[in-house]
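You will see chain A twice below: alongside chain B first, and alongside chain C after that.
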Partner chain A sequence: MRRYALPLIACLILAGLVLVGILGSRFTVYITMRVMILAIFALGYNLLLGRTGLLSFGHAAFFAGGSYGAALFFIHVNRHPLLCIAAGIALAIVLSVIIGFFCVRHTEIYFAMLTLAFGMMVFSLIWNMREITGGDDGLVGIARAPISLWLVSISLAKPSHYYFLVMAFFMVSLALVYVIRQSPLGLILSGIRENDKRIEFAGISLKNYRLAAFVISGGFAGLAGALATFLNSNTTPFSAHWTHSAEPVLVSLIGGLQTFMGPVVGSLIYVVLREVIERFTQNWMLWFGIILLIIIMGFRGGVVGSMVSLLGLKNRPDERSEGVSA
Partner chain B sequence: MSRPILETRALRKAFGRVLVANGLDLAFEEGAITSVIGPNGAGKSTLINMLSGLIAPDSGDIFFLGRQITRLPIYRRVKMGLCRSFQVVNVFPELTAFENIEIPVLAAQGRAARLLSPLSGETPAGEEASAILSRVGLSHAARSTATTLSHGDQRLLEIGIALGARPRLLFLDEPTAGMNPVERTKILDGIKRISAEGKTTFVIVEHDMDVVFSLSDRIIVLHHGDIIADGTKDDIQSSSKVREVYLGDEVEE
Partner chain C sequence: METKGMTRREFVKAGLLTAAAASLGAGVFKPTGLWAATPTIKGPVKLGYQAIMSGALAGYGEFHKMGVQMAVDEINADKGIAGVKVEVDFRDSTLKADEAIKNARYFVDSWGADFLGGIDSSGQALALAPVMAELDRILMVTHAATEKLTEQQVFKNGIKQVFRISTPTYQDGNAAAFIAKDIPAKTWATISPKYEYGYTCWEMFKQTLGKLKKDVSFTGESWAPFGTTDFRPHINTIMDAAPDGLYSTEWAGELITLVKQANQAGLFQKIKHVMFPVGAAMDVLEGLGQELPENIWISGRYFFLYPADNRNRAWVAAFRSRWNHFPAYVSETGYSTLFALKKAIEAAGSKDTAKVVQALEGMEIDTPAGRRVFRKEDHQAMYDVPWGLTKTDAAFPFKVMGKQVMVRAKECFNRPPFEGAGTKPPF
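This part shows the complex of A and B:
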């Protein structure tokens, strides 16, 4: 039964997303894109937080890296969306290697504060380097050029067309994160979370593997940032702001740190809830805070985590297929 | 005489004014089981901590397999085959016993960094981890989370993790502490058997004299950071200096 659960869930998600893309209203399509972009951000981020046990408050810097990398590539080099996105991811990865190099030497609060400090540096760089980044205006007019692959050319100009590109990247991210969680590296990262003092005595370089998790999550943040740039047709310096770094933390917490689908479900709840509350009250942060409080305190292990244990499914932090050993 | 597997030269370490290693010159022969004993505060744990890379010596050199390793990071020493277990339970609590051992095995097989292939496809690592589990007598608990194991089983797992790294030289820090007699026998038999295979050299820090005398080919007695005796079981038992310093201390307590 469990063997088929995963492909089944994947197919259901895909079918649901395709239906939204075809039948959904403009608004639904837009909101769903925002959910998927945040989910990509959080899926990668949770490899660092839930899996490796490192709390970063600076991942907005890599989101912005992807965002500005894509936009700058668009303005100065080439307008091909896929190339722009690749450039965004590349810049995010370069940033996360540099920042990660300094941060992974430390743990817990020192790690968190260092990532916060680096994140604020990136924000102020973007804010002040007006000639390059557009300062507080951001970079505008980042249009969605058609994707030309050899003979075919796919238009992305309509949101409902761009939707399918975001969806494709979302499904790929979902698959990638799933594979990484099931890989040898995934187990090593769990080991770091469980006992970072013992892991070196197992022959694992703590710094290098922490850096690997940091850079992987930075790369996903960059992808999310690049996709967001094309969604909104502009970049904003606030995508690098530390308050934005809190989003993947909250989303992972809501969904469940120790679950694969947690960040996705968390993103859905976060975006939709915020959108709904904003309609009723200007004071959305207060109500949003209260609801988050209830979810985080009421659902131990997040929404997905508690659902899994409620339904009596195997609730282990590292779900693994049987049959490795006799 | 064969070349020693591990050698120290003038190894010195002080914590403040307390001297815990006073220029130690030691050489460990391959294949022999050596015990390091001494009263509390003699510098046994510090010695193992320095050799395994947990703390740096103030001065002196350490050579492993003829290579200078004094400043080498821990994981590189482990990759060379210099491993240790800990006095207190030091495992990966929320992982299964099997996964606990799979981590060092993957590292030893150089497959730990693979991120796009499934772990379930790592058959050689799985087989090696299963073999180690049965070696330490934990096959029945392979799928149990480490925290759910009894204290004795966690100590066995502790040693299993150390074995997973394919040690050429293995330091065991009080391997039988907190074990019941059955588990103790199991682990001592295990050590003798693995030692007899000839691939692993053991250095054991132990308080229990029965364990020390039944296992050791050679015994080193430390006191205030100095080697006061070094020899076979008979040498140590007949040494008046050891009696005076080591056993005398116990009588006073």
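This part shows the complex of A and C:
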């Protein structure tokens, strides 16, 4: 029975998303896109936090890298959305290789503070390089050109069309992150989290594997940033701010650090909850904070983690079942 | 005959009667004015309003709300807009562009807003413009000042859905230069915010003043990042440069801090001519009280003592009795937004976006801040706000404008097509 759980869940998600795309109102479609973009950001991020055990406070820099990479490519080179997104991811990866190179030598608080410092450095760069980045106004007018592949041209101008592109990237990201978690690389990463000494004794380069996790999560952040740029047709320097780096951390905590689906469920709760609260009060920050606190403290192992243990799905402690059941 | 029900005579009589009633009705019962428009407008007119309501600038959001709420209550207590009620929903815009976009989409797609208003940050306004085109709803900007919004997004890119009721950076840069040309200062320096607003205003000030007065030079710049609490290094830089005049577009809490620290450093004794383009904001005047020195040039997007006419006086009095505050400029722009929309909707006889856009273009309206005209080309409201020298007035617990100098909007606002000769003052 468990063997079918994963494909079943994947099909259910896909069917649900397609239904939202076809039947949902314009606002529902928009909010779902925001959930998916945050989920891509957090899925990648959780490879670093949940899997490798490294708490980064600078991943917004890579989100912004993807965002500005795509926008600058759009303005100066080519307007093809897929090429722009690729350019965004490339810039995010380059940034994360450089920043990661300096950060992964350290762990825990030193790692967290270094990433925070680098992240805010990127923020200041974006803020100050006005000629290139538009300063605090950001880059505006990043329109969604049609995707043309050979003879076919698909218009993305309508949000309901763009939705399916975001959905496709979201499903691919889900699959990729799943594969990475199950791969030898993923297993070594959780080994590093559990006991880095042992991994080192096994003759494995801690630095290289940490860097790999860092760069992969940076790449996903870049993808999320590029998608967000086309969603809102602009870039903003605040996307590189540390407060934005805190989002994937929160989302992973809400959903469950040790689970595969945790960041996705966390993103859903984070975005929808805030949206609901804002309908009742302008003092939303207070209530949002209180409810998040209750969720994080009340659900051990996050919402997904506690559901899994509540339903008794997780009776085999090995890696495989964890991935499957979650 | 009985079965026919109606004789020919009766038929003719009835016909004549109907015709008479019709002709009479056309003359007597013809719907006029307000009521002519009513049949086309269904349901309430809904306005989605967003402003900054969290963080250090949350006070601005409160002042927005006071103005808007007052207008809503006045309109609904009267006849509404074209006979229907007006409803407003408020949201915290934060200062982030993507949150502003989300709010706008919520207002239009989920709450069913017919019109949008508010917006404090220029980045948000610029990011929202294409979204307004997609959602096809009018956005009345009440605070964000970037001239790029109206010059580029409205005029150049043709986004007709965006209007601005508040003065843009022209008031801060160009108008300031007209004042500065008559000040006996030959060297100018600035302490300004290290973001687009600060850079743009200083650039405009330099350009325009350079044209108005040949022998001025600009000798120092010190840029303070958003959230600066210690202005002493900036004050020292400027005091070392020792200019004749200081120009600063610092605003809100940061301007209060700057003035307090400049007092301690003795800056105002050393530099005699100081200009604060947004110094006439109520939060600054009240926040500084008597600590604001005399004879400082200040301006804003509206000042509650101007115009000194009955309408404005009555409005300020009503505002004070309701909220126990003097109206901030965002209160006035928020208040006037409702009345501008009311007038345009009633003129258009519809709340349909295209029709209201058409009605707003070139529309004149009398507001507490005086007469506003929405310029057709770029949708910028043209109205006059004075510059003035601070002075103590026993009637107020804070400094007010004493001597006032008016630089008319039509003299200091850039003119379409915004590029080439004759588009930037002096004309």
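Here is the rule we use: the second predicted complex is superposed on the first by the 315 of 326 C-alpha atoms of A that agree within 3 Å, B and C clash if a C-alpha of one lies under 4 Å from a C-alpha of the other, contacts with A are read in each partner's own complex, and residues count from 1 in each chain.
Basically, a contact is a pair of C-beta atoms (placed from the backbone, for glycine too) under 8 Å apart; a residue touches a chain by one contact, two chains touch by 3 or more.
In this text, all values refer to a predicted model and were calculated from it rather than measured experimentally.
Of the two partner chains, chain B is the only one touched by A:203; chain C is not.
Shared-chain residue A:184: touches chain B; no touch with chain C. Legend: residue contacts after superposition of the two complexes on their common chain; A:195 is shown touching chain B, with no touch to chain C.
By the document's definition of touching, neither partner reaches A:102: not chain B, not chain C. Of the two partner chains placed by superposition, only chain B is touched by A:212; chain C is not. By the touch criterion stated above, A:143 is placed in contact with chain C alone, chain B being left untouched. When both complexes are overlaid on chain A, the residue A:232 reaches chain C alone and has no touch with chain B.
For chain A in complex with chain C, the touching residues are 25-27, 30-31, 34, 127-128, 130, 134-138, 140-141, 143, 159, 228, 232-234, 236, 238-239, 275, 278, 282, 284-285. The touching residues of chain B, counted against chain A in their complex, run 52-53, 73-75, 78-79, 83-84, 86, 90-95, 98-99, 102-104, 106-108, 111-120, 122-123, 125-127, 129-130, 133, 142, 145, 161-162, 164-165.
Only residues 53-54, 61, 90-92, 95-98, 101-102, 105-106, 109-110, 122-123, 126-127, 129-131, 134, 146, 148, 153, 157, 194-196, 199, 225-226 of chain C touch chain A when the two sit together in their complex.
Interface of chain A with chain B (complex): residues 179-180, 182-188, 190-191, 194-195, 197-206, 209, 212, 216, 316-318, 320-321, 323-326.
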